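Once you scroll down, you'll see the structures, which are given as structure tokens.
Here chain A shows up in two complexes: once beside chain B, once beside chain C.
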Partner chain A sequence: MRNFLIRKVIASIVTLYAIVTANFVIFRMAPGDPIRMMFRDPRVSAEQLAEQTEKFGLSGSLWDQYLAYMGNLLQGDLGLSFWQKRPVIDVIAERIPQTLMLVLTALALAVLIGTFFGALAGWKSGKKTDSIILSTSLTLYSIPSFAMGIVLLMVFAYILTIFPLGGIRTPASGFTGIRSVLDVLWHMILPAFSIILWYVGEYILLTRSSMLDVLGQDYILTARAKGLRERLIRKRHALRNALLPVITITGVNLGFAVAGIIEAETVFSWPGVGRLIYDAVLKRDYPLLQGVFLVFAAAIILANFVIDLIYSFVDPRIRVGE
Partner chain B sequence: MALLEVKDLSIYYQMHRGDAKAVDGVSFSIKENETLGLIGESGCGKTTIALSLLRFIRPPGKITGGSIIYNGTNILDLSEDGMRRLRGNEIAIVRQEAQNALNPVLTVGEQIAEQIIEHDKVDKNTAWQRAKDQLELVGIGADRVRSYPHEFSGGMRQRVMIAIATANYPKLLILDEPITGLDVIVQRQLLKLIADLRDRFELTIIFIAHDLSVIAENCDRVVVMYAGKVAENSNTSDLYHKPLHPYSSALISSYPSILGERQELKSIPGAPPSLVNPPPGCLFADRCEHVMDICRQKIPPEYDIDGRSVACHLYEHSKEPQV
Partner chain C sequence: MAETGLLKTTDTQKKKTREFFQLLLGHGMGKTGIIIIIIFLVMAFFSPLLWTNDPYKSGEAKDILVKPSAEFWLGTDDMGKDVWSQVVYGARVSIMIGFIAAVITVVTGAFVGIVAGFFGGKLEEGLMRIVDFFMMLPILPLMIVLAAVLGPSIWNIVFVISVVSWPTTARVVRSQVLSLKERPFIEAARCIGAPNKRIMFREILPNVVPLLFAQSILMITETIYAESVLSFLGLGDASKISWGQMLHFAFESGAMSNSPWWVIPPILSIVLLIVSFSFLGTAVSDVLTPGYKEKRGY
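Presenting the complex of A and B:
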């Protein structure tokens, strides 16, 4: 187990390093001079421009910039945001809790709901329950989350006015304590649902096909031949094996969740990291984008590390690889 | 009294082109403590019969007729729960290909113990102890109780399967090609183990194989199957020394013998007929050396000859073996 951990940690660090480097290069390759773009006033002197170039870490050769960038990074310095003129790390840090709250809630619910109905559909394959679940999940899976978001917004916030139109808190409500928590949850329902509905479709389809695959395996026949009860066969023998691919795909999904977050947070004006990406692109705030990408990359690597660990506990065959 | 009596059993697989008659009017019975061999080439319905004894025939397969009387009850009339109580407890099976027959994410101990808990309603510790005893019994060793299936070789996994099958001391054990695909030394060890367990637990065994020597050594009686029907049902020694059905004799002469003079091996020309649209008459007619006109017109009935039975027109007028 210890070797396994060490190997995973090293692999993660190498991956992160590669991403940081690529991240650096991509933004240096982007056309145009960001400093000139920021200070388009002709009265700005060459001296002042040089000073700004220095301040944003854009002076010297590419190699010097790279070394400086890596050096700063190791000290937790991600540079200055062009747009907000504040350290990137601060800008991102204040957005992370909102995004984590939204994404983790949505993904956790999607996994729970999706695997439950997926397993049920797989178990009842060919029956009416199966076809209802299957057609519903196919429909959900085919609707992009931003389209779903806009529809949800229109129906529940605009027409029925049950939920707020956007944001995370009722402005100037002065809510405190439990009221303010409930207020945030109330705001979170629609954006969370726009993400959940899409993922539920995916998890149902995945769990269902995985379940069908497992049910055809020899060991299920063995379990039946033992005279075990159906419930036990389903839980202990079928579901446990059927969930292995679900765990894998959850790691991948955490990566793809980035796109979903940008869409959902933008549609619902949710003040999270996804919305921040959207704004940073519009403002051409390269350091901020660079910072956000780095944070996402680190998050995905961390998530996959955790998934690997979970997987090794669930599937004994993985542990032998050490 | 017969422990198991299969009467006129028919199992069809429903397909677009029509029903494939995988098992067609098969009857045989097994006395207690007897070992019955079921032999025939691939696709003759051996495994389908094995699965039907546990009522494991699933669509498109369907039991279309006949009865399976186990211990006086027709298991085809049992409720699903009643059938479940028999499985693993009274009737157990060891199948071919133990590679995937064990659940990869559970320890072998858990996989043995869960069956004991299910049927005998004992607590976990008792079941675990019995699981260890079973592993010891099949020659694996109690210390491997926490190992996972992938940590065993093919032969060892088949031993685990045997440990599971005998964990509840069943009366009837179905062995569906249990040693196929293993190397000969392991095969020999497994056969020895099976023979030991049969004596120890007084098991009644149905042994399915396509290997004549395995059947010859281990079985009291043999049912020779061809294209879903019983060709011959005989005690083992008579079958080998004086096969009645032309198919039985062809089967025996296509197999090398270690003893006696070296004889040329004869293969059986042709292939079994389609089970969907079988020709009229005897299904073996096209491959038979003794084929007569009547063979292509009429399905041969079963004739009793000296306590053996054979489905062949050669015996219509005679009580004496003619092949």
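Presenting the complex of A and C:
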């Protein structure tokens, strides 16, 4: 177990280091070098410019710049946002709670709904129920979150006017206590749904194919031969084992899942990190863009590490080595 | 499809290919997907004949945000440009970017996968490390960063999508090659002294063609999606209309509240095209699963 842990920690650190370095390279080597762009950006004052040049070693060689960048990063300094004229790290930090709230709610609901229907479809494989669930989930999975979001926005916010147009709170409402919590939840429903519908499709497909694998295993045959009731086999023997790969693939897919957050937050002006990446693009705020990318990458590595840990508890076979 | 390149099997190969397409058309999802895709391809190919107004021409003040009418089939946008013509023209750009990026992705992925799987050892380990690294990255943010730094142009979008997408193909091709490598016909080729290059591209490659076909469909689905998201986020080429870009302008001008005719056609096009490609993809992988033919009673 200890070796397993150490190996995972080292792998995570190496990946993170590679991402951080790649991030440096992308932003320095590109034709529209953002550092040079900073010198022309009217939003940056001469004073700030001098300070940033000093701090990031911009007058030195590329190697000096790299060292300065790494040194600053270790101290949590991601530079200055052109647009907000504040440290990038502060701009991002205040957006993180809202994104976590949205994504964790959406993910939890999607896993619950998705594994339920996926297991059902796998169990009824080849029957009418299966093909209906399969084509529905394939369709849901193929609809980009931003398209789903725009449709939900038009129908429920503009036409039916039962949900707000966007944001996280009713402006100037002065709600306090439980009313303000309910207000936030009310704002969260549409963006959460545009992500959930996308994730659900994926979880159904995953659980279904995993269920099909498990149903072909010998231990299912043994359970049947023992004369166990079908419901028991499905719950105790099939579903539990079918959920194992779903856990791993959740980790692998996080790199793709981030897309849903960016799209939904953009459409519904949800003040999270995803909307921030859109604003950074529109405002041509490169330090902010770079920072948001790093935060997403680090979050995925961390989440994968946690998922590996969970997995090693759920399935002891994995600890023995690959 | 072909078991060996040493024996000439073109006839059986042709027969198998024909059978494959027959099975595909007999598959409910496959048929639906193919029909819709063909409609869009026709639309993209003949778009100059189909558009009723110049999609790039801004209208006069009276033509701004006009409801659908005989002159403007799907109305106009806030610049007075005809929505129908833009949708038809957008089919061209969206499909073209998707196809080119998918081809680059699959060719690169296949090459890396075959080389890694065939040679093994340090080379394989190194290549697969790179693949794993890419698969850990947040894909969309990476594409956004690259597209923003490189600047908006169609070719940058194609490049960005390809750079990020090839590892998935490389990984599946490699695992297929690993199992092919152990098969007798490869050993036979080695025995008669065939050079590595020949074994890789004349013996192994034909055997991964079905996989590459399935992978291409999957990749087209993903690249069309990626293009639409990047354009929706405002990273598209401003001089080329695509569906994602139409939505970007519609979204920025708040068209959802007052001009649904400008919003719904591009959304519907994106969704229909992506859904039909995923239907086709599912059908292809079903048909390629061993035992499918027997199960369907052929």
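Definition applied: the second predicted complex is superposed on the first by the 295 of 322 C-alpha atoms of A that agree within 3 Å, B and C clash if a C-alpha of one lies under 4 Å from a C-alpha of the other, contacts with A are read in each partner's own complex, and residues count from 1 in each chain.
As a convention for this text, a residue touches a chain if its C-beta (ideal position, glycine included) is under 8 Å from a C-beta of that chain, and two chains touch if they have at least 3 such contacts.
Predicted model only: the values in this text are computed from it and were never measured.
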{"item": "Partners on chain A (chain B, chain C) - clash or fit", "value": "fit"}
{"item": "Partner chain(s) touched by A:297 [first = chain B, second = chain C, both, neither]", "value": "second"}
{"item": "Partner, of chain C and chain B, that touches more residues belonging to chain A", "value": "C"}
{"item": "Centroid geometry (CA): angle chain B/chain A/chain C, rounded to a multiple of 10 degrees", "value": "70"}
{"item": "Touching partner for A:226 - first (chain B), second (chain C), both, neither", "value": "first"}
{"item": "Which superposed partner A:240 touches (first chain B, second chain C, both, neither)", "value": "first"}
{"item": "First (chain B), second (chain C), both or neither touched by A:316", "value": "first"}
{"item": "Which of chain B and chain C A:139 touches, first, second, both or neither", "value": "second"}
{"item": "Partner chain(s) touched by A:218 [first = chain B, second = chain C, both, neither]", "value": "first"}
{"item": "Chain B and chain C, minimum CA distance [Å, superposed model]", "value": "5"}
{"item": "In the complex, chain C residues that touch chain A", "value": "29, 133, 135-142, 144-146, 148-151, 221, 225, 228-229, 232-235, 247, 251, 256-257, 260, 263, 267, 270-271, 274-275, 277-279, 282"}
{"item": "Chain A contact footprint on chain B (complex, rising order)", "value": "54, 56, 84-89, 92-93, 95, 97, 99-107, 114-115, 118-119, 148, 150-151, 161, 164"}
{"item": "Complex interface listing, chain A residues touching chain C", "value": "15, 18-19, 23, 26-27, 30-32, 34, 134-135, 138-139, 141-144, 146-147, 150-151, 153-154, 158, 252, 254-256, 258-259, 262-263, 266-267, 277-278, 281-282, 284, 286, 289-290, 292-293, 296-297, 300-301, 304"}
{"item": "Parts of chain A lying in touch with chain B, wherever the complex brings them together", "value": "217-219, 221-229, 232, 236-237, 240-241, 244, 314-317, 320"}
